[in-house]
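Each of the next two complexes has chain A plus one other chain: chain B in the first, chain C in the second.
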Partner chain A sequence: MAAPPPPDPQFVLRGTQSAVHALHFCGGAQGQGHPLLLSGSLSGLVHIWSLQTRRAVATLDGHEGQCVTWLQTLPQGHQLLSQGRDLKLCLWDLAEGRNAVVDSVRLESIGFCRGSVLARGHQHWTLAVPGRGSDEVQILEMPSKTSVCTLKPEADAKPGMPMCLELWQANSSPRPLLLAGYEDGSVALWDVSERKVCSRIACHTEPVMALDFDSQKARGVSGSAEKALAVWSLDEQQALQALRTQELTNPGIADVKIRPDRKILATAGWDHRIRVFHWWTMKPLAVLAFHSATVHCVAFATDGLLAAGSRDQRISVWSLYPRT
Partner chain B sequence: MAVFDTPEEAFGVLRPVCVQLTKTQTVENVERLQAQLQAVSDSALQELQQYILFPLRFTLKAPGPKRERLIQSVVECLTFVLSSTCVKEQELLQELFSELSACLYSPNSQKPAAVSEELKLAVIQGLSTLMHSAYGDILVTFYEPSILPRLGFAVSLLLGLAEQEKSKQIKIAALKCLQVLLFQCDCEDHPRSLDELEQKQLGDLFAAFLPGISTALTRVITGDFKQGHSIVVSSLQIFYKTVGFVMADEQLRRLSKVQAKPAVEHRVAELMVHREADWVKNTSDKLTILIKKIIECVSVHPHWKVRLELIDLVEALLVKCSQSLVESAGPLLKALVSLVNDESSEVQAHCSKALRHFADQKVVVGNRAFADILSENLHSLATSLPRLMNSQDDQGKFSTLSLLLGYLKLLGPRVNFVLNSVSHLQRLSKALIQVLELDVADIKVVEERRWNSGHLSASPRTSAAGPRRQIQRRYFRFFTDERVFLLLRQVCQLLGFYGNLYLLVDHFLELYHESVVYRKQAAMILNELVAGAAGLEVENLHEKHTETSPEELREIVTSILEEYTSQENWYLVTCIKAEEMGEELTVKQSGLQAITSGAHTCQVSSFLAFSNPSPTICSMNSNIWQICIQLEGIGHFAYALGKDFRLLLMSALYPVLEKAGDQTLLISQAAASAMMDICHACGYDSLQHLINQNSDYLVNGISLNLRHLSLHPHTPKVLEVMLQNSDASLLPLVADVVQDVLATLDQFYDKRATSFVSVLHALLAALARWFPDTGNLGQLREQSVGEEGSHLSQRLATLEEGLENTTTAEDIEQFLLNYLKEKDVADGNVSDFDNEEGLGCTGSVCGSSTVPQEPAPSLGSSDLALTRAPTHQR
Partner chain C sequence: MDPALSAVRLSVREAVHTLSSEDGGRIFSTLGSLKRYLGQTENPALPGEQEEFARVHFSAFLRCLVSKLSPDWLELLPDGQLEELWASFFLEGPADQAFLVLMESIEGTAGPSFRLMKMAQLLARFLSAGRMAAVLEGQCWQHTESASPLLQEMLLIRVVGLPDRLGNRLQRESLAVFLPQNYFPLLGEEIVRVLQAVVDSLRGGLDCSVSFVSQVLGKACVHGRQKEILGVLVPRLTALTQGSCLWQRVCWRLVERVPDRAMEAVLTGLVEAAPGPEVLSRLLGNLVMNSRKAQFVLTQKLLFLQYRCTTPMLQSLLGYLATDSQRRPLLVQALKELLETWGSSSAVRHTPLPQQRYVSKAVLICLVHLGDAELHDSRDELLASLMAGVKCRLDSSLPPVRRLGMVVAEVASTRIHPEGPPLRFQYEEDELSREMLALATSRPAADGSLETGPSVPPVAADTPDKEPEESDIPQPRPDGSDSELDSDDEFVPYDMSGDQELKSSKAPMYVRDCVEALTTSENWERWEAALRALEGLVFRSPAATREVSVELAKVLLHLEEKTSVAGFEGLRQRALVAVTVTDPARVAKYLTSQFYALNYSLRQRMDILDVLTLAAQELSRPGRLGRAPQRGSPGPASQPSSAVAPTWRAVVEERIRSKTRRFSKGSAGRGPAAGPNEFNSVAGYFFFPLIQHFDRPLVTFDLLGDDQLVLGRLAHTLGALMYLAVNTTVAVPMGKALLEFVWALRFHGDAYVRRGLLSAVSSVLLSVPAERLLADLPDELLEARAWLADVAEKDPDEDCRLLAVKALLLLEKLKDKLLPLSFP
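And then the complex of A and B:
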């Protein structure tokens, strides 16, 4: 018999009628109904998909037709952040079938940089978004929307625009840390409260498009416009160290995500492919060919389901190496 | 016409006639007396009762031979008097009783005297009337021990008549009279109930007759079916009332406490029976034999009223004599259970009522709970079931399965005690699997093809809204009777309803996997289990039973569905399709598709089937049936889950729709009816509605299967059907699939062109239908083209316009020539000379704005654009 047929998506969601730029899974784990998948599209709509019926249950229209680039639900549940290229960050209330904008934050930067959020206690969270200056990152205290600080690189660094952000917090200390990937291909670790760069490494020669960080193993991965993934780690002195690079066939990584169980990692490729790697060894596991255009984003659900959104207007959902 | 109201007047009239009769006893004189009696009022008659009776009794008692005719008229006259008067004296009652019974006494033989039938009838009626005319108090005292010999004579006389007479009328009259004598008459003249002491008295008395009565009646009951049902019914009644009275637990319990011997004369005392423990034991042993005989005979009696009476018998005996007749409890219950499925609805209803009564009341038989006896019976039935199914004929199977069904109904949730025993479950399932084996030798199954590949029937067939349609006719190896199949289905449904569904489904899925020989039967059983679990067509006798929760059921159905529609169980070889596809595809396919071996009807060929790539008729037949059964199962599942099934449509609808287009008639029929089932169960108005509402699920299946076309050669067909049955809302969903189709067409244009062209045709027809006027076309383009500029939609729109402008053949030809040239130019393989000419041509095409673009690789199209750019400038 011939080689097994290439894997297929478990199912495909159609009907966004526009390129998909952001994906986010929510719900299901805490018994708050069936899990949902949220997708943000180029046309500015956010679709809420039921993974049970595999149909859109609601559509949120809050970004005046401008591309939605980032979606994130808050840990308290029922609240959704959506970032759009209309320079607005909307906070939605989704509880009990509502879908209304309850608050919004004006953004200063028009770039593609996605925000990042870190929960700090009940109803209290820190938000990182690209700031007014082209190389700045702004830190806000939410929900009061008070600006805490602006992280501006030293004058001589010239890293260019921030391209991707990741707020996190080490288990040992309560100080929020920010990982930022810059236009010049470097990744910097910021200590938010001291407003200083702890460490910076040049990972790529092209702009960093996406990064994800595994705080338990203190290891992160970043993808850029070039033909490689960079894996780096963080030592006790909070210094970033490049570990290795993983060469790819085609250039351009739009998104990279580590599965919540830290076993595998998925990338969204400009070459229409989704690639799956073993997170610890970085061994390539699969190349998922389904989309017929650039894959913009990937997302993992808590149960391990993988979703990918593409410019071909489809969202493919995959069940890979399911945990037993 | 009561002319003589006062006794005085009446006496005046009657006296001469009575005197006359006393002097000369002739029929004429008796008749004269009777004629005069007609004219006397009842009250006057009562006053003169003794006086009138005297000449009549005198006639009877007069010594010497008498003519039968005379006796008969005397008895008739006596009966007349008694029917209008009351007997108020104990002595008179006893004497009249003896005198009447003596009329049929023949000194020489045991049998009733050889007299005319009329006389027999007259005497029987006389006795009956006498007992009715006795005053209540007198009647009770009549039944004292001293009457025993005389009563015994009458009873045996009547039994003899009932058993041996030819005339049906006499038989019935004798049985009726016996009922009166045994205090079982239900007419209004005997309203009073007996107190404990009286009951005991009567019980002691009747106990003496019990052996005679029970054996004689058993002979009557088990006699010829042709003797008429009313005789059997009455006999059954007397049987169980007598047994139920004499052997009543209530009486016997009291007797064991008080055991005072009644003071009677010696001769009578010998006849008296004392119902001690020994006697009870002996009698019940003997009765058990009789009861078994009766049940054996009556439960298959052709007349339903007889079977109905049997239920009463069982009920009465189980309720009243559960202790004394403990040995008979098993057979009695079995009889009841086997009637649960009677062909007569009255019997069925009555039986279920009785059973429900037993189940509710938690009746205890002997020292064991009712349920224990039942599960013991079920255990032993399960043990012998495989053997019975093997050896019995259809009728035998029918009654065995009826019995099984009855036990299941009765035990309800407690069937799990039996199912939890591995060996019993195995035996039960083995029997079911064995008996459900299909006969797959019929060649027609493979032969019959669906020739018309027309549309799905557009009408919703609302008339067929009844919950379940007819099942396809199946042919089984081991039985032909449809009723057996029906019973088997009911058995499975009940198992699903009461049994542990997880356990059962696991078990049968295992069998399904185990061997292709079991697969079809296991699937049939699984289908019915699920239907039963959902409570479809199941009548619940047990109030407290909790049904399987919808979530659990959905989980179970999902796993079965997954199994059914998996590659190796759904895509089976059902025809030799070498003519249909290219060589390499066939090779690939035979590797993947499970070529199931023939069922063991064709064992010789089944061995070959593994090595031989071309499957045998038998194995294809078997495959066809398997698919049909699985399709039918999907229909069942839809009903079982109702609207919940909508969630499963994402995995079920595509496979079913695919099979609806199957070439084999049976499969396409089964698929069509499964679709109808889904429609009804999920609340869709029509097939179109179903397809339209779930086109997203279908598109998903189609697009994924298009990726593996060699495995799913029918995918284009499904797309076609979907396009035919959807509305414009489908368009945004289908755009990328049509892209895929075009890409695949490029890949397989030599082999699959026909199927894809028909898809594209369906698409265009659908577009023409969805957007009937040109005004809408613009909108469509805007809507679906988007800023990315889908080549496809442009192309469609272009084609659409072309269609509407009634393109001629020349136009098309010209278009194609131009296109080919343009393509050559794009590929750059043209000479300079050609190039100029070609450019001229393309220019004209561009001018008419109908430039088709390369569909697939984007590089190609950009080349095309580059090449074309100068053209525009010129």
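And then the complex of A and C:
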């Protein structure tokens, strides 16, 4: 049977006027209107796109013209976190059409590392951001902004800067865990409350650019500047184990995301291409060659829609392998 | 005179006399009394009398019985009693005489008649009662005494020729049992019974001979009935000879006594019917050592003079030679001769490909059977023939012949010269090479499995290769089973062929930039990008290309693959074709001049030919102007709109069609737009320079000598150019020149060259208008026709014969086309 030709995007969002560095889907599921897509651009603006009209409904300007690297809505209410390279993490209130910064956190690191957030009960959430020291990760309790701890690797480890963070919590225990990808290509699992590294593996030889973790299957995937994706798993003793690597045609992965239903995953490539893999078997499913410049970020909506933002100032939205 | 004997004579005469009477009761009783002499009644006659009756009177009496046969006569007594009695004489008396009388009377009866049918039915009863075994058996005992050769000969002819004779006589009325496909299996069964009787009597210490049975078997096989008779005989004998020395000896004797002239037919049939070497060995014994004829058939005729044996037959035959230490020298000898044949350059050139395959297979099978020590003894000789064969095979211009050489060389060299460095060739695997390699790796079922008998199929060799493959398939499944394991059906991968490495440097935008990049650039990415972009650029800017066309062609022709670029050959060729199409006259002039220039490799010369053909094809393609630029390299990114467009267009057209009422339906599609053949004006530049210099050898390039591969390509190219010049004005002089070219080379020894010439003739016939052919080239046509007829009949190469037949058909068509003109 001949393979079907590569698909085309469902639609393309233009108008950010600068490279797109962060994407995030929000809404839709809770029945509060139509789903929205948030995009953060190099020029410091956050655009809010309606997926129904396919137009930008609002623009948030809070990062003084510096690149927005991370966007995340909080589970309760219309609150948005945006991280910018102006060393500020803004908390926006978007309820009822408002778009005002209600709070902001001063960041200490000027790296590209994106933060991570973990909701812990009503109005409580834990935030992980790169810390003051170049190899530190800072854990904050929000919204009180109290610094809980600083995760600093042991003196002889020298993993370099943290490049990507993922806070999560196992179903069985309430202790928050943090997965961090470092500059030396290793991925480490931190037990946040004990401030120690549970396990660490060297997956890559280049800095880890992105990682995503499937807590149900205890399996994660990481992408780096090299030509391979690494898949690793976590066993009962909280030890990371490398499972396999998936070779790619071109080097450089800027972002990797697993679809919420954990069937497929998508990567954003420096080679202008979005790659889609079957999450369980890592079988390559599609190579989407639409963008004409580096793809910086990918995001999945809860209904399975895939969005990718690129340096060519376009956001492509794809509907692949729809959920049944 | 002995009174007893005269009494017999008297009673017979009396009986004959009585038969003429009309009294049914009396006839019945007389016949009944005569049956005493057959010895199966309660008070049989004295043995002496019986013998006398059988020897002297029986035939005559039977003839008399036959002559009396008529409907009235049979009805003299009710219920067919008389007929039953009458038949019993034939069925119970001495079988050979009864058989001969039956045959004689059937043959003597003219035309269909009551008597004929009765006799035929009687013969059928005779056969079904198993009397044929009695006929044969009789000849086994008789040998000591009065075995008259004349009688035996007569009997032999009748026994084997029965189906033919009956068929002749009975025509459509013939009974099923007389049809060869039924009769010969029956004969086979009877032979087994006779042999059983022989074995029994040998056990009892009686002497007897199977030579008559051998003759019957031989004659049946000579008549081409091996399949029928041996198909029955061999499985039975296989079973019977297993574990019985006596049976084996009888069997050996049976084959040994086959007359020389029938030996080949019998042996071929046996080799075909035997399921494996060990069975063959049981059936034949050491026949090959005792009988010169058998030795000739098995070691020469089946191997060298024919090539019709299937691979299992070959395996049986050579395995047979290998199973006994006495016979192994023959196998070594056979291998030597096989390799000699394999290595002879004349054989490579003049024998058809199937025979070469056959010999190669035989070589490989021999190698499997021979031990290292045996090979070592005659290593030098074997290696010499092998290497000679490899050399002339690799020189061949036919890929299958080359591949054959490589496969055999690899396998044979590792066996003959195991210490030496292994020969390794690169060849594409195909069915044949896999089959050959399987032959070479399959160990003969010689030692352990010898007793497992015929159930071991010889094709089992390649099964072990498959198993690991199958077990590989589930491997991509991840470790650990998960209930969520999705069936992959819903995740059908999209086409990912476009996923190539990203190039950093930009492709040049102008043809001149490309030329510069290709000649001077040390930046390989830029070089490659230039090469990739070139074809599209040439088509997009023909005017700019014309300015540098010859220079560009020169650069491309000399371009070497300095880095490993995927698809380099294709890119270069397409670019060259594009340049040639854009500026045909000048580039073709340049290329054809370079074809005969010094200091080019054969590869480059063949590239020139290919490019000229492809360019001519492009130029002569109708309607090429409309869409020529589209042939550029595929765009780097997919265009989202292109896939969508056809669907909406289809929808719109469908909508229009449904809303429009048409009064008449014309043909929906228009034919391709007519246009001038662009090749017309430049065909001469392509063709004539190529055809002019082929007979002038250069220091580095000798078309009529070693470089016959290029000559073959040249012939093919000229043929293609001729074909593409259809409907042009130069077709007639081109055809004339091409026929002269063909005439000069028609007896070339290389099959590939001849194929080229034949296809060139065909294209002349297709391209030159029929009237002009007849008016301008009548003599050439006649000569070509004679040559074609000759090739079609005698050429060793199958493709050549086929091409010649096709050309002849074209000639015939030409004649048909012209005839109505001359005789309106």
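Criterion: the second predicted complex is superposed on the first by the 319 of 324 C-alpha atoms of A that agree within 3 Å, B and C clash if a C-alpha of one lies under 4 Å from a C-alpha of the other, contacts with A are read in each partner's own complex, and residues count from 1 in each chain.
Keep this in mind: a contact is a pair of C-beta atoms (placed from the backbone, for glycine too) under 8 Å apart; a residue touches a chain by one contact, two chains touch by 3 or more.
On a predicted model such as this, the values are computed, not experimentally measured, just so you know.
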item: Chain C versus chain B, contacts on chain A by residue; value: C
item: Contacts of A:Asp312 with chain B and chain C, given as first, second, both or neither; value: first
item: Touching partner for A:Arg14 - first (chain B), second (chain C), both, neither; value: first
item: Touching partner for A:Ser292 - first (chain B), second (chain C), both, neither; value: both
item: Which superposed partner A:Thr281 touches (first chain B, second chain C, both, neither); value: second
item: Footprint overlap on chain A, comparing chain B with chain C; value: 2, 5-6, 8-9, 290, 292
item: Sites on chain A touched by chain C in the complex; value: 2-9, 217, 249-250, 262-264, 271-273, 278, 280-281, 283-287, 289-290, 292, 321, 324
item: Complex contacts: residues of chain A adjacent to chain B; value: 1-2, 5-6, 8-9, 11-12, 14-15, 17-19, 52-55, 290, 292, 311-314
item: Chain B residues within the chain A interface of the complex; value: 588, 591-592, 646-647, 650, 696-697, 699-700, 703-704, 707-708, 711, 732-733, 736, 739, 786, 788
item: Residues on chain C engaged by chain A in the complex (per definition of touch); value: 476-478, 482, 484-486, 488, 490-496, 498-502, 636-638, 640, 643-644
